[in-house]
Amino acid sequence: MLRQVHNTGMSQKILLLFLALMLIFFSSFLLGRYQVMPDKVIAILASKILDLPKTWTDTMETVVLQVRFPRIIAALLVGGALSSSGAAYQSLFKNPLVSPAILGVSAGAGFGASLGMILHYPWWAVQVLAFLFALLAVATSFLISRIFGGGGNGSMTVLVLGGMVISALFQALISCVKYLADPLDTLPAITFWLMGGLSKITNVDVLFALFPIILSCVGLYLIRWQVNVLSIGDEEAVTLGINVNLIRFVVVICATLMTAAAVSISGIIGWVGLIIPHMARMLVGPNFALLLPVSLIMGSGYLLMVDNIARNITAVEIPLGILTALIGAPFFIFLLSKVKKGWT
Amino acid sequence: MFKKNPTLKLVSLFLILALTVTAFAGCGKQQLNSEQAKAAEPRVIVDHVGRNVTVPGEINKVFSVSPVGMILMYTLAPEKLVAWNFTIAPEYKKFILPQCRDLPDLGGWYANKTCNTEELLKMNPDIIISIGAIDQTSISLADRIQEQMGIPVVVVNSELNKLDQAYEFMGDLLGVKDRAGELAAYCRETVDDVAGKAKLIPEEKRLRVYYAEGNQGLETDPMASQHTEVLDFVGGINVADVPMKGGMGMASVSMEQVLAWNPDVIITATMGPMGGKEGMVYNNITTDPKWSTIKAVSNQRIYDIPDKPFNWFDRPPSVNRIIGVKWLANLLYPDIYRYDLKAEVKDYFSKFYHYNLSDQEIEDLLVRS
Amino acid sequence: MELCVEDLSFAYPKRPSLINGVSFSVDKGDVLCLLGPNGTGKTTLMRCLLGINKIKRGRIKIGGFDISNMSARELARLVAYVPQATTIAFPYQVMDMVIMGRSPHIGFMSTPSEVDLEIARSALDETGISHLQDSLFSEISGGERQLVLISRALAQQSNILIMDEPTASLDYGNQTRILKIIRGLASQGYSIVMTTHFPNHAFLACNKVAIMNGGKIVAIGSPDDIVTDGNLSDLYTTKIKVVSTKVRGMLSGEIKVCVPLMT
C-alpha cells in the first residue's frame, strides 16, 4: 500500500522488475532463426530515430522491424493483458484460482476465429470475429447474472456460473465448427489457432490490439484502490463507500476488452493469467494498486521469454499455448509448495 | 401390475410386437444376402499389410475410409462407389461424372470425421477400402471398422511409387483388370520417367522449395512427410528440414524462419481443396511486403498448386499427385523434364476422369501455376 | 438526534417482509444493543442502516438527512460498519485492512496519502494493536481481528458505528476488552448500534436496549427496564432469571447478570 510504495524495498522491487523487463525486451531483438549480428540490429533500430548509413540488407530490416518488432511488442501486450486482467478478476471474484477465461472470453474468441477460418475469411476478419465473439460471450454471461442474479452476492455466483455455461456453449460451438471444417487444411489451422501463438503477428495486428489493451490498463489503474477494497467482500466494500456495481462493471469491461484484444491476435494462451498474478502477489502482496503494475510487468516479461523459446528452439514453432501450459502447470505446483501466506 | 395399468400393458404389447417384426425383418435380410452370395463364392485375399480378408466373389459396392482411397476408387471404377466421404464444392462438380456428382457424403474415418455408420450399413457396401500411407494406426483402424461394421476392410498402400501396384491390386479385387492395367501403366511410366530424369539433376542446380500452407502461408510440411512426397520425388529440396509430424501434418513456422530459409521457389496450397477461397495464400504472399525480399518472391517463382478436381500435390495426397509430379517437375526443371504440360494434363484428365478439358479449362486450371 | 429510524419496513422482492414498522433513535454517545433470537431481523435491520438493503417503507435519517438520497460514499462517511471477523481470500496485512477505512475519503482515481496513513496508525493506537500492523490478517487471533475491524471503522471517521455481534466467538478476556473499547468510544461521542446474543453485555456496555422479535421492536428502553426476567424468557422461550449482586470495591456497587434456568 502507500506505506509499501514509500517503502524503499517495494519500489526497488518494481524498479528491478522493470529493468529486467527492459533487458529481456532488448535482448529479444537479438534472438531469432535468421541471423542478424547485434551491431546490425542496433543500427537498424537506431536508424528509426537517427540518420544512419545503411549497412544492412533489406531482409535484415524486414526481420528486425517487420517480424521481430511486432512479435516482441505483441508478446509484451498479450502477456501484460492476460496477467493484469487475471489479477483484476481474481480481486473481483475474491478467488485466487480465477483466470481471465472465467467469463467465457477465450471460448468466445475461439469460436469467432474458427468461424472466420471455416468461412475462409482474410486474416484480419478472423481476428475481428474473434474479438467480437469474445465480447459477446462475456456480455452474455454478464447479462445472465443481471437477469437471474437478483443483485448482491448471489449475482457474483450467477456470474461465474453464467461464464461456465457460456464457455461450455462456445466450446460446443467450436467443436461444431471443427466438425464441419475441412479436415485436411482448415481443421489443422483452427487447431493451431486454439493452441495459441504469435508466429503470424504483424505490425497491423499490434496496432489493432494496442488501443483496447492500453485503454483497459489505464481504466483498471484508475480504479485500483476501489478494486482493492472490493477484494475483501462486496458488502464491506459498500459500507466503505465503494460503488460496487459500477466498479464491478468497469473491471469486467476492462478485463474483457484487454483479454479479447490479446486473444484475438494470439489465440488461446492459458496459464499466464492465472500464474503471474500469483507470483506478483508473492512479491508485493495482494494490494491491487501494486499488484496491477507488477502483474503487468511480470506477465509481459514472462510471455516474451516463453515466446523467445517458442520461436528459437526449433525451425517449426512450438505453439505458445502448449509451452505456457507445459511451463505453467509444474510451476504452479512449485508455487503451491512455496506459498506460506496462504489463501485462508 | 399389468391388471392395474392397461396403458402399460398396451405399451408392452406394442414393444413385443415391434421387436418381433424387427427380428423377422433381420432374418429376411440375412436370407437375401445368402442368396446374393450364391452368385459368386466368397474368397480370401491377402491385403497390402498381410491381413487375410474374406471378400464376396463379386464386388459391386465400395466405400472408402478416407478421401485418398475415395479418389483412387473414383478414377478406377466410379460405378461401384456408394457414397463420398467428403463434400465436393459446387464449382468442382463439373469434373465429376453426373451419376456420381450427387452421391451423399457419409463422412469417414479420418481426421476429425466420423462415419454415419447406420446410413452406410443401409447402403450395404461389399467392402470398405483403406488406402493411404500405412502405419500401425491405419492397420488397427481397419480391424476395428471391420469388426464394428461386419464388412470386410481391405488395406492398400498408395505411396507415390506404389500407385501402380495399388491400381492393379484393386483391379483384381473389383474385377476391372483392363482399366486398372491402363491406369497402373500410366502411373508406372510417369514414376519411372520422373525418377530417371530426377537423377540427372546436378546437385548444385537443385532448387530449394518452400511449401506454404495455412491461412497465411506460415504452415508447412517437412521433408519426407507423406504430404510432400511429390516435392522430394521430382528432385526439389524441401527447405523445411525439420522433424516430421504424423497424421494430419502441418507445422507452424515463423516468418523469420522462412526468411532465413530464403527458398528459390514457393508453392502455395489453395485453402480448402474441397472448396475454399482460391489463391488466398498465393495472393497473401505476393502482396505482403514482408515476403518481398525472399528469392522466390522477388524472382516471381511462386506458384499456386492446381486443385481440380482434387489437389495435385497434397491434402489429400491422392492419385492426382501423378499429374502433380509432372506439373512440379516441369515447373522446377523444365530443361530436364521437357513435358508439354497442357497436353499431359489433357491426357491425364481424359484417362482418369473421363473428362475432356477444353483449352480454356486448361488455362483456368493452371492459372497462377 | 444522531440516527433516527422511522417506521422502517423491508422485504426482499416477492418475499414476506422481514422488518415491519421499526422506529427508534440513537443519540450522540448512545450504545444501543439489539437483542433477539436468531432470524429475527437484526442483521437485516443493520444492513438497512448501512445502505446495503434498500428500504421499502419508512425513513432512516442521520443528522436530519435521509440516507436514501446519499451515495455509498456519503453514507460511508457517516456510518461505519464493524462486521464479524471472518476470513478473506488474500493475504492482507493488518495495516492494509485498516487503511481501507479511509476509502470514503480517498478520491476516485487515487490511493491513500500520508495523512490517511497517519489516521490509520492512530486508529490502531486507539485499539492498542499498533504492534500488529505488519502481521497478516489471516494469521492473528479472532479477538485481534475484531480489533482490526474496529480500527478500520475508526479510521473511517464516521460518528455512527454499526457492530455485528462484536463479541461473537471470543473468549471472556477478549469479550470484556471489546466491551471496554465500545464504552470508551461512546464516551468520546460515537453513537453505536450493536447486536449481541449475550443479554449480560447490555448491562456491561449499553445505555439502550431494543428487543426484536419477528421483525418488530417489541420493547426499547434502558437496560434495567428492558432486560427483565419476563422479557428475556418470552424472547428466548426458555426460563431466564436476572439476578443482581454486590461486588465489593466497585463504584456502581451493584451488577446484574442473566442466568438461564435449566429446569
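We just call them A, B and C in the order they show up, numbering each chain from 1.
What we mean here is this: contacts are C-beta pairs under 8 Å (C-beta built on N, C-alpha and C of every residue); 3 or more make two chains touch, one makes a residue touch a chain.
A quick note: this is a predicted structure, and the numbers were derived from the prediction, not measured.
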item	value
Chain-level touch network, classified as line, ring, star, complete or other	line
Greatest separation from chain C - chain, by CA centre	B
Most centrally placed chain - per-chain CA mean versus overall CA mean	A
Rounded Å distance between chain B and chain C, as computed from the means of their C-alpha atoms	78
Centroid spacing, where centroids are CA-atom means, of chain A and chain C in whole angstrom	44
Centre-of-Cα separation between chain B and chain A, whole angstrom	41
Per-residue multi-chain contacts in chain C, two or more chains	none
Chain A-facing residues of chain B, complex	67, 110-113, 213-216, 218-220, 222, 240-243, 248-257, 259-260, 262, 269, 271-277, 280, 284, 289-290, 292-294, 315-316
Of all residues in chain C, those that touch chain A in their complex	13, 47, 50-52, 71-77, 79-81, 83, 86-93, 95-97, 99-101, 103-104, 106, 108-114, 116-117, 136, 138, 156, 162
For the chain A and chain B complex, residues of the former touching the latter	32-35, 57-59, 62-63, 66-68, 71, 117, 120, 122-123, 126, 178-179, 181-189, 192, 197, 199-200, 202, 311, 314-317, 319
Complex contact set, residues of chain A against chain C	1-3, 5-6, 91, 94-96, 150, 152, 222-226, 228-229, 231-233, 235-236, 238-244, 281, 285-287, 289, 341-344
